[in-house]
Amino acid sequence: MLAVVIPIALALQGLAFLLTVARLLRGPSLPDRIIALDTLSINAIALLVLYGMVIDSTLFFEIALLIAVTGFIGTVALTKYLQRGDIIELR
Amino acid sequence: MLMIALVALPFAGALIVQLCKRAGATAAFAIAAVTALAGLGVLATAWPGIEGGTVFAWRREWLASIGLNLSLRLDGLSFTFALLIDGIGLLVTVYARYYLPRVASTVRFFTLLLLFMGAMLGVVLSGNLLLMLVFWEMTSIVSFLLIGFWSYRSEARKGARMALTVTGAGGLALLAGVLLLGRICGSLELSDVLAQGGMVQRHPLYPAMLVLVLLGAFTKSAQFPFFFWLPHAMSAPTPVSAYLHSATMVKAGVFLLARLYPVLDGTPWWFYIVSLAGLITLVGGAAMALLQRDLKGLLAYSTISHLGLITLLFGLDTQLSTVAALFHIINHAVFKASLFMAAGIIDHETGTRDLTRLRGLWRYMPHTGALAIVASLSMAGVPLLNGFLSKEMFFGETLAQDLFGYFNWVVPAAATLAGALSVAYSLRFIYGVFFDGKPDDLPNYPPHEPPRLMKFPVEILVVICLVVGLVPNITVGALLQITAAATLNGPPPEYSLSPWHGVNLPLVMSLVSLVAGTALFYFRREAFHRHHETLALLNARDRFEDLMRALGWVAARLTAALENGSLQRYVALLVAAMVLLPAWYLLGAGTLPFPAAIGALRGPLPPAPLDPATGAGLAILALGAVVVVGWRRQRVAALSMLSLCGLMMVLLFGRFSAPDLALTQVTVEVVTILLMVLALYFLPGDNGQSPGRTTPARWMRDGALALAGGAFTSAAAYAVMTRAYDSIGEYFVRNSVSGGGGTNIVNVILVDFRGFDTFGEICVLLVAGLGVQAMLKGLRLTAPQFDINGSPWAGQSHPLLLAILARLMLPLTLLVAVFMLLRGHNLPGGGFVAALVTSIALLMQYVASGVLWTESRIMVNYRVMAGAGILLAGLTGLGSWFFGYPFLTTAFGHFHLPVIGEFELATAMLFDLGVYFTVVGTTLLIVSHLGVRDKRILASTHDHNGGR
Amino acid sequence: MLKRLFPHPWLSVVLLLIWLLLVNEASAGHLLLGALLGWVIALLVGRRLWLRPMALRRPDLMLRLAGRVLYDIVHANVEVAALVLGPMRRMQPAFIQVPLDLDHEMALTALISIVSLSPGTLCAELSDDRRVLLIHVLNLRDEARLVDTIKSRYEAPLKEIFVCLPS
Amino acid sequence: MHPMVELVICVLLLIGSGFMLIGAIGLARLPDFYMRLHGPTKSTTLGVGGVVLASVVYFSVRGGGLSLHEMLVTAFLFLTAPISAHMLAKAAIQHRLPVIERTRGRAWTPGRSVAEADRDDTECPGPDHP
Amino acid sequence: MNQALLLPLLVPMFAGALLAMMPARRQTWQRGVSVAASLALLPVAVWLLCVADSGAIPVVAMGNWPAPFGIVLQLDRLGALMLVLTAVLAVAASVHASCGDARLGRHFDALFQFQLMGLNGAFLAGDLFNLFVFFEILLIASYSLLVHGGGARRIGPGLHYVLINLVGSSFFLIAIGILYGLTGTLNMVDMGVRLQALDASSQPLAVAGGTMLLLVFLLKAAAFPLYFWLPRAYAGATPSVAALFAVMTKVGVYAVLRTQALVFGLDTGPLAGFMHGWLWWLALTTMAVGAIGALAAREVRVLTGYLVLTSVGMLLAGTSLQTYDAWAAVLYYLPSTTLCTAALFLLAGALDTRQEPADPALERPAGKAGGRAVKRPGMRMEGALFLVAIVTAIGLPPMSGFIGKTMLLRATLGPGAPAAWPVILGASLLLLVAASRTGSRQVWSAPYVRHGVRSPGRRVVLRRWKLACAMFLLAGNLALVLFAGQVERYVDATAGQLTDTPAYRQAVLGTPAQGD
Amino acid sequence: MEAAFAVTIGVLTASGLFLLLRARTFTVVLGLTLMSYAVTLFLLSMGRLATARPPVIMDGARYADPVPQALVLTAIVISFAMTAFAIVLSLRSLGLSGTDHVDGVERP
C-alpha cells in the first residue's frame, strides 16, 4: 500500500512545489514572491520528511527541523527590507 | 695579490671615505689621492714582470653554473690601461680638490670617483669576460651618478639618463655577446677565449656574437651611431669629464676591441663594421666639434672623433694599425685630460664655457693659456707633440690598408679631412679663447690664474705630451711594445717610434691637413654659418628626450589600452583563459575531430536512471539560476530567486546523500541572505536609467564566455562521473568508528582525518571577520529615504510580534544549536552548523529589536570570542604534542557513569567547540557590524528602485 | 535568590521536553542533560533577553484551548479547501478590526498565532497601543460573529492562562 | 508492518500531501495578495502536520520505540509561520498592494494614520525627483 | 623533531589569534607581539632551511593519519627557501609597519600574522586541498591588508583584486575536483602516482584539470593575461603591505613548480611537460607587458609593481622550460627579485610622498630663489638604497638580479633563445630607461620642502627604522651575491630534488616508486 | 541522472559567470553565489552520484564517498566568508565613490 501511496504523495507534493514555484516566477509583487519562497521552504520540509520515509532514514529530520527553525528568517529579512530598508537598525 | 689590491683599493677607499664622512672634503681628497698613488705603486712593482712578458693571473671559483669566476689578469694591455686609470685618476683627484667647492657633496664626489676608478680597473683587469661585464655595467651606473652629480640641474639629469640608457643598452648587448662567446668557447675565462681565436671565427654564431659585442663597445666608446650621449655627459663636473672622457669610460669600448682583438679580428665582418663605424665617427665628430659653442662640447666631439680614429685603426686590416690605435689611446688620454682640465679652469675662473663670450684670456691667464695651447696643438697633430706621432702612424696605416678596393683612397682622404677639421677646431679653441680681442662679456671679470696646485695636473700632462712627442722611444717605447704584444696575443710587428721618418706620404698628409685646417678655421664663419640652425635641430639631447617621451607615451597608451581599469574585461580574460585552454585539452588538444572528442568524454560507467522528482529538482535549480540572471536588475526579486536556488541545493544535497551539506547550506543561506539584504539597503537603485547598459557586442561576448564555461564544467563533470575511480574515501569509511570515534564520516573527516583543513577554514573566517570590521571603520553610506516604490519607509521599526517571537525562539534555537553541536560527531550536524544556528538566533534579536537593545544585553565581544575559538582549536591540536603525538591527533573514549549510562568523549569535540566559537564570533562580528553602529548613515534624497 | 538561579522555570521545563524530543529518547542520561541544558540556557537568556515575567495558570484550560485550536484548524482547513477549490467569486474578503484586551505579550502572541494559523483568518497588523488587531478574512460572512468568536473562544482563555507578574 | 498501521500512514500522507497541494493551489489561484497569504497556512498546518504524523507513526513502528521528534518540526513551524504571515502582510500594506474590489474594510498600518492611508489611495506621492 | 615543521604555521597562528583578541587601544602591545612573532619566524625558517639542505624530506602527518589519507606537511628545499624568504620579508615589513603603517587601520597586525600563516602553510602543504585552504587564508588576509588604510587608491583596486581572486578560487576548486574525481586522492605525491597509471581515455580530462590548476596559479603569479589585478593593487597598497606582497606572485610560481614536480611529474608519464609551449609564450609576453608598463610608470610604487610583473615573466619563462638549469635559475632569481622589489616598495613610501604634498599650502617650491633645491634632510640615503634596489631589480651587475638573469639567459640558450633573449634583454633596457626616468624624477628632483612637521625627532627615529628595514632586505640581496656559490649549490640541489620524484614518494608515501 | 546533473552544473556555471561579468557589485555577488553553487555541485559530483547512501555509519550499508562532502563543507564555509567580505568591500567602495559600479566610476 505504502509503495503506491508514497509516489502519489510525492506527486501531490511535487505539484504543490511546482505551483508555488510558478507563483514565485509570476509575482507579480515582491511580497508575492516572498510568500512563495516561504511556502517553498515549508514544502521542502514536507518533502524531506517524506524522503526520509522513502529511504527509511532518520537523517533527514534535522534538515527539516533546521528549515523550520531558520527558514522564516529569510522571509522576515526580506519583508523588513521592504518596509524599513534597514533590517538591522540601531534602535 | 697585486691585482686584487689594484682592484680592491679604490673600493676600499670609497668605503673609507664614506665611513669618515664627518672628516670632511679634504680627508676625502687625501684618501682618494692616496688610493690612486697606492695603485700606481702597485703597478710599479708589477712593471718588471710585465716588461719581461709575464702575465699575472689570479682566479677563484665563484659561480660555476654561469661561468662567472673571480678571475684577474694583468698583462701589457691591462697594465697600460691601469696606468692611465690610476695616473690620470690621481691628477683628476688633485684637480678636483681645487675645482669643487668644499661642501658635503664633495665627499660624495670622491666616493663616486673612487668607485668609478675601481670599476674601470675591474674592467681592464678582469680575466673573466662575465666579471668584466660586471665591472663594465658598474662603470655605466657610477658614471650615471657622476654625470648627474649636480642633480638639481635638469640638463645634468637628462645627460646622465641618456648616457645610462645608451651605455646600458650596449651593456645588455655585450652581455648577450659574452654569453654567446662563452657558448662558442666553452669558457668565459679570457685565457681560454683568447686561445681559440680562429675557431671562434668559424663558428656559425660568430656574426651574431660579433655584432652584440661591438654594440657594447661602440655604445661605450660613442661610435657612430651611438655617439650622441657623450656631448651631453658634459654636464658633469669638469673633473668627471676629464676623467671619464679621456682615459676611462669611453676608453672601455676601445679597450674591449683591443682585449678581444685576437678572437674577433680577421673576418670581413670585423673589418667593415669596425672600420666604417670608426671612419664615420672620425669625420663626423670632427665636423661637429667645429660647430660647438660650448668649450666642453668642442672637446666632447673631438673626443668622439679621436675615438673614431682609434676604432678605425682597429678595424683596418694591418697589424700595425692596431699598434697605432694603442698608441693613440695613450696619447689621446694624456692631451684630452689636460684639455678638459684647462677648460675647467677657464670655466671656473670666468664663469662661462661659451665660446662666443670667451675671448682674449691670454692677457689674464697666460700660464693656463700656454698649457692649453700645447695640449690643443697636440690634439691637432702638430709635430714634436705626442698627438702628431700617433696621427702620423694613423695616416700611414690608412694608406697601407686594402679593404675597399677601388675606394681605398677614401680612407686616407677622409683621414686627411678629419685631420684638417681637428686642426681647425683646435685653432678655434686656441684663438677663440685666448686671443680674438678683449674679454668684455664674462660673468666673472676680471679672470685670473687659478691656484697653483690646480694647474699642477695640467702641467704634468702637458709635459708628458711634450716629452713623448720628442723622445717617444725612451718614454713609451717599452710600454707600447708590451701593450701591443698583449693585445695581439703574439709578437707585435716592426715599427719605429720617431718624430721624424723623413718626407713621406703621411707627412704630406699631415702638412695638407695643417694647411687645410688653418684655412678652414680662417673661413669658418662662411663655411659653417648657415649650419647653425640645422645644428639646433640636431640637438641630440632634445631628440633623445623626444624619443624617450614618445616611448613613454606609447608605453602609457599601450598600458592604458591593456589595463583600462575595467573589471569586466579582466574577468572576461580570466574566464576565457580558465575555460578555453582547459577545454582545448579536454577535447584532446586537436588530436581528435570534434564529434569524436565529444564522444570520448563519455566514460564506461553506465548512467543511473533519472527519476522525475530529481529531474524536476535539477530543472528548477537550473531555471532558478537563469531567472536570477534575467532578474538581476530587480534585486529583491533576484534575491528571492537565489533563495530558491539555495533551497533546491538543500533538497539536492538530501537527495544525493549529503545531509551534512544540506544542514550547512540551510544555515549559510540564511546568513548570506541577511548580509545581502543589509547591503541592498545602501546600494543605489538600478531604475533603468543608469549608464552602462550592456551593449549587444558585450552581451555576445559574455554570453559566449558563460556558455563556454558552463559547457566545460558540464562536460568535465559528466566525463568524471562516468568513469570509475578508487578513492581514499574507503579508508575513511573503514576507520571512522575505530580510528575517529564517530559514525558521521563527514564530520570525522572534518574534525579528525582532515581537521587541519577545518583549522585553516576557521582562520579564514576569523580573518574575514577582522577584515570586515576594519573596513567598516569610518564607513559613511548614504541611506535612501524612500522604499523601492518611492514611498517613505514604514514608521514602525520593530514590530512587536517579531520582537516577542524572536525572544521566544532564542532559547529554543540555542537548544537546537547545542543539539547540533553534540551530535555532530555521530550524526549530521557539528560545530559549524551549531554555530550558525546560534548566530541566527542572536541575529534575529538584532533584526527584531535593534542593535542597542541587543548589545546592551549580549555583552560578548565577538572578536574575542572568535579569537578564543581559534586558540581553543589550536590548543586542542597542540595538546596531542604533550602525549607525543602529531598535531591534531585526537583521542576518544567511552565512559560509563551511573544513572547517565555510557557516553563518549573525544578531543575532537573540543576542537569542534573551538570551531563553534570562531564561527559564532565571526558571523556576529560581520553581520552585527553591518548594523548601524559603526556605519554612518547620511540622509539622502535618492530614490531606490531596486525591485519590481 | 531562587528567582535568580531559576529565572524561568517554565522555560526550563519546556526546554527539557524539547531536548527529549530532539534526541528522541528518554534515557536517564538525556533527562539529566536536558534538565541541565534547560537550566543553563534559561540562565543564559536571563531576564534581559527574555519576555516580561509571567506566570502560567490553569493548565487544564491550556489543554482545552489547545484541543479547541487544533479542532478549529482542521475544521477551517476543510472549509477553506472548499473555498480555494471552488469558484473564486463566491469569496468575500475583508479587513476587520478586533479590539483587544490582553496584557501580556505572550498572550497576545498566542492569540495572533492562533488567528493566523487557522486558515481563513490572518493577522495583518497590530496597533501601536496593542489594542486593535487588523485581521484579513478570506471569506467574511458575519463580522460581529467572527469578532465575538475570537474574543470568547481564544482571547478569554488566554487572558486566564497568561498572567503578568510584577518585574 | 501491520496493514492497519500502514493504512494510517497512507491516509496521513495523503491528507498531508493533499493539503500541501491545496495550499499551493490557493497560492496560485487566489486573486489578490492578502487572499493568497492564506494559502501557506494550510501547508503549514494540515499539510506538514499530516506528513509529519505519518513519519511519526512510520518510524515509531519501524524503529521499535516512540519517535516523536518529527513533531518538533510542526511545533517550530507553528511558532514561526504567523510571524512570516504578519510581516508579509505588513510589507504588502507598505507597498499598497491592491485588493480585489469587493474586499470590505481597509488596511492600515501603525505609524501612518488611517487618514494618511486614505490619501495614499487617491494620490501616490512619488519620489522628489523622477 | 618533524613536528617543528608546524612552527612556521603555529607561531603566526597563535600570534594572530591573540592579536585578534587584543583591545584596539593596546597599540604598543600589538606592535610588540607582531614584531616578535615575525622575528621568531626567522630563526625557525633558517633552521628548517638547514634541515632541508640535508636532502631529507621531513613529513608530518597531521592527526597521525598517514598519507595519502590524512593531510601531510612536507619540507623540501623549495619550501624551506620560500619559508626563509617569507620570514625575511616578514621581519622587514612588520618592523616597517610598526613605524606607522599599522596605525592606518584596524587589525593590521593580526591580519599580517594570518597572512604569514597562509604563506607558510602553502609552502609546506603536501595535500592539494590543503594547499587550497592555505591559499584562501593568505588571500583573505591579503584582501584585508590590501585595503588597509582605505582611500580610493586602495579600495577600488582592492575590489578588483578580491573579485578576480574569488573567481579564481572557484576554478581552483573545479580543478581540484577534476583531479580528485580521476584519482580519488588529494595528496599531491599520491596523485602524481595515480595520474601515471591513468588510462589513456581519461588523460585529456587530467590535462584539462591540470591546465586549469596551472592557470589558477598563473593568476596568483600574475601572468599575462591574468595579471590585471596586480599593478594598481600593488601601487595602492601601504608600503609595508606591498613589501610583503612581493612574495605573493612568487607563491604562484612556487605552486606551479610544486605541482609540476609532485603531481604532473617531470620524469615520466604522459602529463610531463604539457604546459611548456603556451606558458613559455605567456611568460615572455608578461615580461614585455611588465617592461612597457614600467616605462609608463611615473611613481616608484607603480614602477615597482611592473618590476614585479616583469620578474614574474622571467620566473615563469624559466619554469616553463622544465629543465634542471632553468629551474635552478628560477630558484636563484626568485629570492633576489622578491627582496629587492620589497625593498623598493618600502622605499617608495618615502620617495613617492614628496610628489604628493599633503597640503599645498604647506609646500613651497624651493630652489627657485637660491638656485638650488633644498632637499629634505637625508633623502640621500633613500636615494642610495633606491639605486641599489633598482639596480638589483633590473638585473644590472653587480647585484643578485644580474646573476639570476644571467643564469636564466644561460638556461634559455638554445632553440628558445631567439625569442627569449630579445625579450629579456629588451625588457631590461626598458626597465633601465624607466627606472632612470622615474628614479631621477623622484630621487633627484626634490622640489618640495615640507614645513610644519610635528615632532621631528620622532620622525627621524621612525625614518631610521624604516631605512633599516629596506637595508635589511637589500642585505639579503647582497648575501645572495656574496654567497652566490653556496646559494647556487642550494638552488641546484633544489632543482635536483624537484626532479627526483621517487624521493618524494619515499618520504611521503613511505614506498619506493610505484607504478613505474 | 549524471547527464542531467552535469547539465545543471553547466547552467549554474554559465549563469554565475554571466553575472560575474556584469558591472554592478550586487550582480557580481549574485554571480559569486551561483558560481559557488555550481562549484559545490561539481565537487559533490566528483564523488559520483549516490542516492540514499548518506555517509553515516549504519549497519553494513554502502556509503557515498565522504571526501567530496568534506571538501564541499570547507568550500562552503570559505565561500561564505569570502562573500561576506566581498559584500562589505563593495559597500566600502560605494561609500567612497558613490557608485556601485565595480570599477568605482560610472562608465559610459
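Think of it as A, B, C, D, E and F in the order they're written, each chain with its own count starting at 1.
Here, a contact is a pair of C-beta atoms (placed from the backbone, for glycine too) under 8 Å apart; a residue touches a chain by one contact, two chains touch by 3 or more.
Keep in mind it's a predicted model, so treat the numbers as computed, not measured.
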If each hop has to land on a touching chain, what is the smallest number of hops from chain A to chain F? 1
Could you tell me which chain's Cα centre is nearest to the average position of every protein Cα atom shown? E
Between C-D and B-C, more contacting C-beta pairs sit at C-D
Most widely separated chain from chain B, with each centre as the mean of CA atoms: C
Round to the nearest whole Å and give the separation of the Cα centres of chain B and chain E. 15
Report, in whole Å, the distance between the mean C-alpha point of chain A and the mean C-alpha point of chain D. 10
Whole-Å gap between the CA centroids of chain A and chain C: 22
Chain B to chain F, mean C-alpha position gap in Å, rounds to 40
Got the chain D residues that touch at least 2 other chains? 25, 37, 39, 44, 67, 69, 72, 76, 79-83, 86-87, 90, 94-95, 109-111
Counting only residues that touch at least two other chains, what does the list for chain C look like? 18, 22-24, 112, 123, 126, 128
Multi-chain touching residues of chain A, meaning two or more other chains, are 10, 17, 29-30, 34, 36, 58-59, 65, 69, 71, 76, 78, 80, 82-83
Show me the residue ranges of chain D that touch chain B in the complex, using the header's touch definition. 76, 79-80, 82-83, 86-87, 90, 94-96, 109-112, 120, 125-129
What residues of chain B sit close enough to touch chain E in their complex? 61-68, 108, 130, 133-138, 140-141, 144-145, 148, 151-152, 154, 157, 160-161, 164-165, 168-169, 171-173, 175-176, 179-180, 183, 548, 551-552, 555-556, 558-560, 562-563, 565, 567, 569-571, 573-575, 577-578, 581-583, 585-589, 597, 600-601, 603, 713, 716, 719-721, 723, 725-729, 731-732, 735, 739, 752-757, 760-761, 763-764, 766-768, 770-771, 773-775, 777-778, 863-864, 866-868, 870-871, 874, 878, 880-881, 885-890
The residues of chain F that touch chain E in their complex are 16, 20, 25, 28, 32, 35-36, 38-39, 42-43, 45-47, 67-68, 71, 74-75, 78-79, 81-82, 85-86, 89-90, 92-93, 96-97, 102-104
Would you pull the chain C residues touching chain D in the complex into a rising list? 18, 21-25, 73-74, 77, 80-81, 84-85, 88, 91-97, 112-113, 115-120, 122-128, 134, 136, 138, 140, 143
Seen from chain C, its contact residues with chain B in the complex are 11, 14-15, 18-19, 22-23, 27-29, 32-33, 37-38, 41-42, 44-45, 48-51, 105-106, 108-109, 112, 123, 126, 128, 130
